[in-house]
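Chains: A, B and C, in written order; residue numbering restarts at 1 for each.
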Amino acid sequence: MTEGGVLHGRDLAVWRGERCLFERLGFELRSGQLALLVGPNGSGKTTLLRVLAGLAPPTAGVVAWNGTAIGELEPEQRGDLAYRGHLEALKRDLTVRENLEFHASLFRVSEPLEPVLSELQLEAAADTRVRHLSAGQKRRTALASLRLSGAKLWLLDEPTTNLDRDGRTLLRDWTRRHLAAGGLAVIATHQPDELADRGVLVIEL
Amino acid sequence: MKLPRWFHQLGSPPYVYRLIDKLGPWLGGLGCALLAIGAVWGLAIAPPDYQQDEVYRIIFIHPQTAYVGMMAYVVMAVAAAIGYIWRLKIAHAVAVSAAPIGAWFTFCALVTGAIWGRPTWGTYWQWGDPRIMSETLLLFLFLGYLALRGAFDDRDKADKVTAILAVVGVVNVPIIHYSVEWWNSLHQGPTILRGDGPAMTTDMLLPFLTTVLGFTLTFYWLLLRRLQAEIVEREGDARWLRELLPGSAA
Amino acid sequence: MRGAFYAVFARDLRVAFRRWSELAYPVIFFAIVVALFPLALSPTAAQLRDIGTGVLWVALLLSSLLALDGLFRGDADDGTLEQLLMSPVAITVTVFAKLAAHALVTLLPLICLVPLSALSFNIPLAALPTLILALVLAAPTLSVLVALGAALTVSLRRGGAIVGLLVLPLTGPLLIFGTRATDLGINGEPTAAPLFLLAALAALALALGPLAIAAAVKVGLE
């Protein structure tokens, strides 16, 4: 992983019809920093993450990655961002390995699969079709693709859902290592203390 | 790109709403007056046609509805494209307002065409006629647009998605038109008596042009009135609206 | 770029073949529609040939609307489409790859079936090369239009019913040139004009279509 970057949010607002989800939201996240999004259901955590990922435009304001507005990133720079939402983004009819290989070719990563699979205890399931996996295993596969993506900025929406205790520990370790290596992360969560222990930015919606 | 000042003013709903309040009565008054004059002139004063006798007088209504229907589609597509490219909500509102008017005029063109067809062609409906086919497909394009619009709950998304459909449609309208013309030129069949016959004489042309202008102005008047309604719906209970329409406060 | 195109293309093919039974729906639907017409009209051999061209082309258009979900809906439902949009691959490349895969698994079987059904409608063997050429030239336009319908309705829970409303009026020119080429072929007349026009439509559709499709997919996911 190369050195990180900086994520800016300026004057962000999102309206859903007549309802304002958030307004005048601004922040700056630098290399090695973690931001936690907390707030009750329906407060706009997912929406904000999708705005940061460039998947949805904000009603007002700008999100910038290394000074470039998120909607105007060059295709190459888009690979710096990794978004993992509620959906695992796995094809049910492909095996775990096929899914991960497709993901790797899409994001042009050449890291070997096996170490990540073994760390996640997915080796046995590697050639099983995703439709036969448990919810926790699917979540683990999604995490494997995140780990393999080599992205600098992680945008995770309640990543601990469906994970057992080992999985949650693993995710915390990975996040720490990611940050230590100069990465950035924005994580929406209902259990803030599970992931973070130091120096985090908390965005309350 | 730097946009001129009037462009921004036209993007502001209160400004547009008030502008329509000022402009509307003139446009509507003039349009309806021209329609009335054109109707009397065309139906009572203009001489009968040497070939079609009195029947031809529907020419003071039928072509105008067809032309307004097509113009409405172009207005809709241009407004939708502006709304999509510059993220101008008011332009989307114009596109939405134009669609039902256009659909109605196109429908009227088909109905008046059928009424005219009976005495002149001997049939209400002639599948082989390229104009009927073009108009029918245009009506379907309008209906598709309205149906797609109605399928969305989220207005912003509906605006953008239907804008794409409108632009694709407007690229297709000339293709449909010319392909249908081409198709007809290859059909063997009874030669259809065209309504427009020989070139019009001046005493027919003048009332004809009067009604064309009348229909055009009336269309824009209807469009602007619909736009006002659309603005009220979109702005909800914005303060300027409550001040303007005190009775309507929710 | 080429690698990404191939990756998306190969994955779509693989997913499609893992659900091979769904691939058969449009083909079976086509066969049923084609069989219903003679049933409804109980025509003579000569009449069969007269209606054959129209029946086959209309049945082709209708059947091609049946296999939309494989294009964007499936990917939208499991979140893969978001990843495709966020990846370093240009969206138009993704769209092209998906179009190619979709045309291969749904349009190609239909196109193979049309000439076969044509024979059953007493359309002479000599007209088949023209018919096949017309179908091949029509396929890109048809697949772009169908994909456009799928893209416009990707965020609607029940998009299926409305797609026909959006797409079918736009297929008018395709139908005109396709049937015309077939009829001219049957009568042994020169068919260059409608075939060139079909090719022109294909060029236009392939040039502009993917832009509109990409825009519609992006807006749909917002």
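Assume a contact is a pair of C-beta atoms (placed from the backbone, for glycine too) under 8 Å apart; a residue touches a chain by one contact, two chains touch by 3 or more.
All values derive from a computational prediction rather than experimental measurement.
Measuring from the average of all protein CA coordinates, the nearest chain centre is that of C. In this assembly, the chain whose C-alpha centre lies farthest from subunit A is B. Centre to centre, using the average C-alpha position, subunit A and subunit B are separated by 49 Å.
Measuring from the averaged C-alpha position of subunit A to that of subunit C gives a distance of 37 Å.
Note: centroid distance subunit B to subunit C, computed from Cα atoms, is 32 Å.
In subunit C, the residues that touch at least two other chains are 222.
Against subunit C, the residues of subunit B that register as touching in their complex are 133, 137, 140-141, 143-144, 147-148, 151-152, 156-157, 160-161, 164-165, 167-169, 171-172, 175-176, 179-180, 182-183, 186. Residues 148, 152-153, 155-156, 159, 162, 165-166, 168-170, 172-173, 176-177, 180, 197, 201, 204, 208, 212, 215-216, 219-220, 222 of subunit C are the ones touching subunit B in the complex.
Contacts from subunit A toward subunit B in the complex involve residues 16-18. If you check the complex, the residues on subunit B that touch subunit A are 154-155, 236. Those residues of subunit A that touch subunit C in the shared complex are 53-57, 75-76, 78-79, 81-83, 85-94, 98, 102-103, 105-108, 129.
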